[in-house]
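Pasting the structures in now, so scroll down.
In the two complexes that follow, chain A is the common piece, with chain B as its partner first and chain C second.
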Partner chain A sequence: MSDTLVETPVPVEPARKRRNWAKIAGVAALLVVLVFFPVITGTEVAYLKAGQYVLIGVVGAVGLTLLVGQAGQLSLAHPFFLLVGAVSYAVLAGDAGESGDLVGLGLPPLVAMIGAVAICALVGLAFAPVSGRLRGIYLGVASLSLVFLGLYLGQSLDMLSGGTSSGRPPPTFEVFGFRFANTEPAPTIMGVAIQKQQRLWYLFLVIAIGSYLLARGAVRSRVGRAWRAVRDNEAAATAMGVRVWWSKAQAFTVSSAFAGMAGVLTALWLDLVKPDENEFIGTYSITVAIGYLAMVLIGGLGSIPGAVAGAVVVNGLPQLLTLGATEFGWFASAGAGGLSPVLVSAFVYGAAIVLVVLFEPGGLAAIGRRLTSRQGDRR
Partner chain B sequence: MSAPADVRSDVSALAVDDVTLRFGGITALSEVSFTVEPGTVHALIGPNGAGKSSCFNVISGLYTPTAGRVRLGDLDLTGTAPHKLAALGVGRSFQNIALSPHSTVRDNVMLGRHVLTKGGFVTGGLRLPRTVRTERRHVARVEEICDFLGVADRLDVPVAALPYGDAKRVDIARALAVEPTILLLDEPAAGLNATETAEMGVTIRDLRDALGISVLLVEHDMGLVMGIADRVSVLDFGRLIADGPPAQVQSDPEVIRAYLGAEAE
Partner chain C sequence: MITRWGRAALVGASALLLAACGSTADTGSSGTSGAGGVKTDKGVTDSTITLGVMTDRTGVFKNLGDALTGGNELWVKDINAAGGICGRQLALEIVDHGYKADTAKTLYPQLEPKILGITQLVGSPVLAALKQNLVDDNVLTAPASWSSEVLNNPNVMMIGTTYDVEIIDGLSYFQQQGFIADGDTIGHIYIDGEYGGNGLRGSKYYAEKHNLTVQEAKITSTDNDLANIVTGLKGAGVKAIVLTTTPGQTASAMANNAALGLNVPVLGNNPTFDPALLSSPAAASLDRLYVAASSAPFSSKTPKAAEVAAEYKATYPGRPANAGVQAGYVESLVWQSVLQKACENGDLTRAGVQSALKSLTSVSTDDLVAPLDYSSPGAPPTRGVYIAKVDQAAEGGLTEVAPLFTAPDAADYKAPHQQP
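So, the complex of A and B:
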C-alpha cells in the first residue's frame, strides 16, 4: 500500500454511455421469454421446433450480415457452408462401426462441432483469392457456384454425406457427458420435462446469443472498422494501414464459420444430414441462399440486431404458417397448386425486401433506430 | 484548442530523389528531386496535369517510380507496399473525402489507430476487459485529435450528415490519428470557401507547430500555399521548375510563365 491517495485518472466515458433503462428492461424481458420458452410451449413441441429454426437463422444471418453488410462482399454461398458444416459434424462425430459405407471418425460431439466450424472457416479462407478479386454481383454469381459444387459433392460423396436417398443421422450432441437426447428420468422446469427438444432449444439459444455478442463485439472493434473502411474506400483503408486482401479474406472466413455452425445446428434440428436432390429447393439450395440474403436485407445491411429480426421474419414465418395449417387448417381450401405456407411466406418476405429497398434501405434496424432515436453507425 | 501532444523529436526528412515516372509514352514525372525538411510545411504546386498527384502517389506507394527513390530518413520507401506506410509514420488525407459515410466521426478517425493496435475477429469480438481498456485509451486520443481539428462536437454524428468543410477536417484527423511524422495532404482546401480555406491554413500551421511533424501538401489555392508554406516546389509538365521559399518562387519568371501559360489555355 502506498501512502498517497492520488489515483491515476481513469478516462470517464462521455454521455453516450448513459444507461438506457427502457432498453435494458426490454432485453431482460426478452431473455426471460427465451429462457422460459420451453415452459411456455410445454407439450406443443412444434412451436419449440419453429423457435429452434429461427435461432439457426440468427446464427447464419449474423454471419452473412458481417460479410455482405459490414465488409461489402455479396455472397450467395451460405447454403454451401451449411452443408459443409452439417456433413463435417456427421463425419467427425460419426461412429465408424455403425455403418460400413459411412466415414465416421468417432470424435466427441463437441470437438466435432468445433471441428466442423473450423473446416468451414478454412474452406471460406480458401475461397479468398476469388472473393478478394471480384466485387458486387460478380462475386455473388461466383459464390453461387459453390452451391452447385455442394450439390454435386453431396450427391457424389455418399460415404461422407450419406447420399440423397437416405442421408445419415447426425450423432447425438453431447457436452461433458450431458446428452441432448431423451432420458428417463428427465429434469423438469415448472413441471415441463426437459427432454431432447427442450435441451436443443437451450443449446441453440446459447449458440445464437454467443454468435450475436461475438459479432457485435467485432463490429465495434478494430476488425469491424477495417471491414467498413475496405467496403467504402479501399485506397483510404490501405493508406490507414489496412491490408485489404486480408481484411476481405477474414470477413469471408468468419462468415463461413458462422454458416458452418448454422449447418451443424441444422443437422441436429432435422436429426438428419441429407444432400439435396436439386439446386432449387432443399436444405442447402438456392432458395436458402436467397432466404439468408433476404434476412440481412430486411434487417438492414450490416446490422446485427437487424439480422436477428430478419431471421425471425424469414425463418419464423413459414414455420408459423405451417403450424397454422396443421393446427387450425389454414390454407386447407387452397388444395393442390394453391397457396402453401412456404409460398405465402416467400411472398411476404419478397414483398418485405421490395418495401425495404424502396422505402427504408436501412431495413428493420433503421426503423428500430428511429423508434429509439439513436444516431451513428449501424450496429 | 489544446495541443494534441508534445512536439515530436523523431521527425526525419522526406527526400524525393531523382524520381521519374512513365505511363507508357507519357512521362508524368521527369527526374524530380526535392526534400521536405523535418517540421516544415512544404507545398507542391503546378498547373493542371503537371504531375502533382502522380508525385503524391509515388510517395504514398500507389505508384512505383520508373527510376529514382523516395526516402524517409534512413528508410527507403520506394516500392514499399502502400499499407505499410502508415506504420512507418506516413499519414495521408484525400482530395475527394474518402471516409465511411454511415460511420460516426469517432469511428472513422479510429481507423487511423489501425496500425497502432492489434486484434482480430476473436479478440475484438470477445470484448475482453483488456481490449476494451486499450480501445478506450485510443478513443481518448482520437477525441483529443478531433478537438484539435475542431470537430469534437461531432464525434457521434455519421460523416454523411456533416457539412463538407467538417468532413475534410475529419479526413485530416484520421490521417493524424496514425501519429505520423509526415502528413501528406491532397488539396486540403479543395471545395472550401474563402473563410474555411483561411481556417484550414491556420489549422495546418497549428498542427505543425504543436506536433513538430512535416507536412507536404498539394494545393491549387495560391493564397493558402503562399501563406503557410515554408518551402514551395513547382512542377510543370513533370519537371521541377522551381524549389524555394514562397517569395522567391512567386517571383520566378519560369513559374510565372508556367502559370500564365496555363491560364491562357
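So, the complex of A and C:
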C-alpha cells in the first residue's frame, strides 16, 4: 500500500494494463460468486450464516487495519465499539412501548443504523485526547480499558443494554418498507427463496463492499497520506504541514465508526443485544479484541484486501470447521479434552500469526501482491 | 478496482440476479400423513423420530454437557429397547457449540431441518441467541438452564424447577432446621447474568416474606478469589450464605467460610456444586454446603435415580458422573410423555407436539423430579426440590438430606412471566 506515496499519472505501461485485466476478471468472478452465494448455499442456510459472520469481520477488520496499519495506533478497544454500536442501534430503533424498563426511541432502523455509527465515531473522537498522547503498547493497554468499561456499563445500564440476564432483541432492519425478515410470499432467485437470512446476506454484502471502498478511498487520498506520514515520523509530518494531533484523532474516529457498524451487524446477526457476563468469553470480550488484531496481522498491517483475507481466516475458519465437523463427522472422537473445531482454528490462526511475523511481515496481502505481480511491474 | 470494468461487472452481476428472480408460490405445508395415520412434518419419518442435542463438550461446561448427553443417550437406548414411540425408533442428532453463542447460531440452521425438537440445549447465552429462531421454527426445546426469565418463550419446556424457586425452598429448609430466623441477615453471592439474577430473585422474595436482610455481593463468572467478599459478609453478621456461582467460586467461598471462622451454613443452587471439588484443596471445608435442586443427586436412593446411575456407570465408564446424568435422562423422559400424547392425538408435527405439551398437567418421571404441570405457560412446571448435603463418602459427592418437597412460600411465589 506504500506505493500510493509517489503516484505519478504519466506512464501507463502495457504490463500494468495486462495485470489490471487479470485483476478485473478476478474481481468480477468474486463478485458473481458473492452475489449468487445464497443460491449456491440454497437450503443450507448454516453456510450463509457463516458467510454473514465473515462479512461482519470484514467491516470491523477494515476499520482496524486503517487504525493499526495506516495510522500506526495499536488499539484493543474494538469490542467496546462493537458493543456501543449494537446497543445504540437497539436504543435508537427500539420501540419504547414494547417493554417498560427499556429505553427505545422508535426511529426508523436505517436512521438508527446511521445514528449508531455516528455515536461510535463521536465516542472514538472523545478518546482522542488519550489516543493522541500515547503510542504503541501504552496505547494498546489504555484502549483495553475501554473493554472493561464496556463490560461495566453494559451490566449497569440495563435500561439501555437489556442487562446481562436476557438482553434485548434488536428491531428488525428495514429500508423503505422492505423488511429483512421472513415474509410469505417471498421473492426467489433461481428457485431459492430470498428470506430473512438471504436478505441479511445482501445487506451485509453491500455494507462490507461499501466499507471496503470507503477505506480504500481514505487510504489513497490526502487523509491516508497524512496518516502514514504521522505513523512513519511525526516530526517530518509536522514539517510537511500535517496536523499530527488531528490526524491521529481522525484515524481513531474513523476506525470506531467502522467498528460501530460491525456492532450493528452483530446485533442483527445474533438477533440479540446482550452485554457479556465476563471480560474473557463473549461477543464483546478481550477474545474478540485479539481476534480482530489477528485478522489485521494475518492480512498484513494496513492492507485492506489483507484485512478481508484475515477476516475469512479468523471468523470463517472456526465456523466452517464446526459445520464440517457435524456434517462430515470430523473430530468425531472429540470427547473431553479432545481436538475440537474451535481449538483447531485457534491453532491455525495462532500459527498463521507466528508464520507471518517470521517470514512475511507483510502478511497475506504481501503474498497476494507477489503472486499477482510476477512481471516486476512494481516500478 | 472500481474502474469502469469493475462497475460493469457489478451491473452485469445485478442484471443476472434480476433475471433469475421470481416469487415463492404460497404453499401451505401443514404436514403429511405418515405411517399409522399420524401427521408429521420435520424430524419424523415412518421409522424414526429425531431429536436434537445442542451441548457443550469442549467449553467451560463440558463435564455437565457430557453427563447430560449421556443421560439422553441412555433414555434413547431404553426406549428403543422397549419398542420406541408411535411405532418409530428414537434417534439423537448431537452438536457441540462449546458454550459459544456465535457457533450455536451457525449450527442451528444446519440442525433445525433434521429434528422435531430439542431435548437438551446447554447455556443461557446460547438460549438467548436462539430464542427468536426457536419461536420462528416452532421448535420445542428443553433447556439445560433453569432461569424463570426464559419462560416467556412458549417453545421452552422447563424440566424441573427454576433457580429462584430452588433458593426459596432451600431457605425454607434452612429456617425449618433453625439455621436462620425471621429478622436475620443473610449474604447472597451471585454472578451477574441470567443465572445469578434469577437466584437473587428467590432470596429477595424470601427475605421480604420473612423480614430478612440480604447482603448482596455481585461478582463476574471469572472472579476466583472471594476472600474479601466473605470477609465483608462476616462483618455484616450473616447467619447463612446463599451462592449462585460457578463450582470454582463455591470452593473459594467455602474455604474462606471455614478459614475466617465464620462457619455458617451455605445454600447453593444446583450448578454450584461439581464432584470435582472433592479433590480440590477446599474439599475439607465443603461440609457446610447444602444444594437445592429439582433433580435427584447422583447418589440418590430414589429407585429410578439409582437405576439410571448404575446403568450410566456400566455404559460409559470413563465419563464424568454428576447429577447431569439424571437431569439429561429426565429431559428425555418428559419428551417421551409429550411424544406419546402427540401420538395419541395422531399429530407428530411441531405444532402437534406443542399442543400435546399444553395438555399435560402431571408428567410423572418416577420421582426424578416432581410431577410437572405444563398447562400454565410462564410458570415453572414444578416447585419441588431435593436438598442434598456435601458428603465425601457419597458417590457424586452429595447425599440427600431432605426428599422432594415444596415449601409453602415457594408455592405462593409468582414467577416473572407467570400469568395471573
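Convention: the second predicted complex is superposed on the first by the 354 of 379 C-alpha atoms of A that agree within 3 Å, B and C clash if a C-alpha of one lies under 4 Å from a C-alpha of the other, contacts with A are read in each partner's own complex, and residues count from 1 in each chain.
We adopt the following convention: a residue touches a chain if its C-beta (ideal position, glycine included) is under 8 Å from a C-beta of that chain, and two chains touch if they have at least 3 such contacts.
Everything numeric here is computed off the predicted structure, so don't read it as measured data.
The larger set of touched chain A residues comes from C, when the choice is between chain B and chain C. Looking at the shared chain after the overlay, A:Ala50 reaches chain C, while chain B stays out of its contact range. Contacts of A:Glu327 after superposition: chain C is touched, whereas chain B is not reached. By the touch criterion stated above, A:Ile137 is placed in contact with neither chain B nor chain C.
Legend: residue contacts after superposition of the two complexes on their common chain; A:Ala215 is shown touching chain B, with no touch to chain C.
In the superposed pair of complexes, A:Leu270 makes contact with chain C only, with no contact to chain B.
Of the two partner chains, neither chain B nor chain C is touched by A:Ala22. Of the two partner chains, chain B is the only one touched by A:Ala237; chain C is not. In the superposition on chain A, A:Ala186 makes contact with chain C only, not with chain B.
On chain A, the surface touched by chain B in one complex and the surface touched by chain C in the other have residues 213 in common.
The touching residues of chain B, counted against chain A in their complex, run 60, 62, 82-87, 92, 94, 98-104, 107, 110-115, 117-127, 131, 135-137, 139-140, 156-158, 174-175, 178. Residue ranges on chain A touching chain C, taken from their complex, read 20, 23-24, 27-28, 31-32, 35-36, 39, 43-46, 48-50, 53, 151, 155, 163-167, 169, 182, 184-191, 193, 197, 213, 269-272, 274, 277-283, 318-319, 322-323, 325-327, 334-336, 338, 340, 342-343.
Those residues of chain C lying in contact with chain A across their complex are 1-3, 5-6, 9-10, 12-14, 16-17, 20-26, 57-60, 62-63, 66, 95-103, 105-111, 113, 124-125, 128-129, 131-133, 136, 147, 149-150, 191-194, 197-198, 220-222, 319-320. The residues of chain A lying in touch with chain B in their complex are 11, 13, 16, 213-218, 220-226, 228-229, 231-233, 235-244, 250, 254, 375-378.
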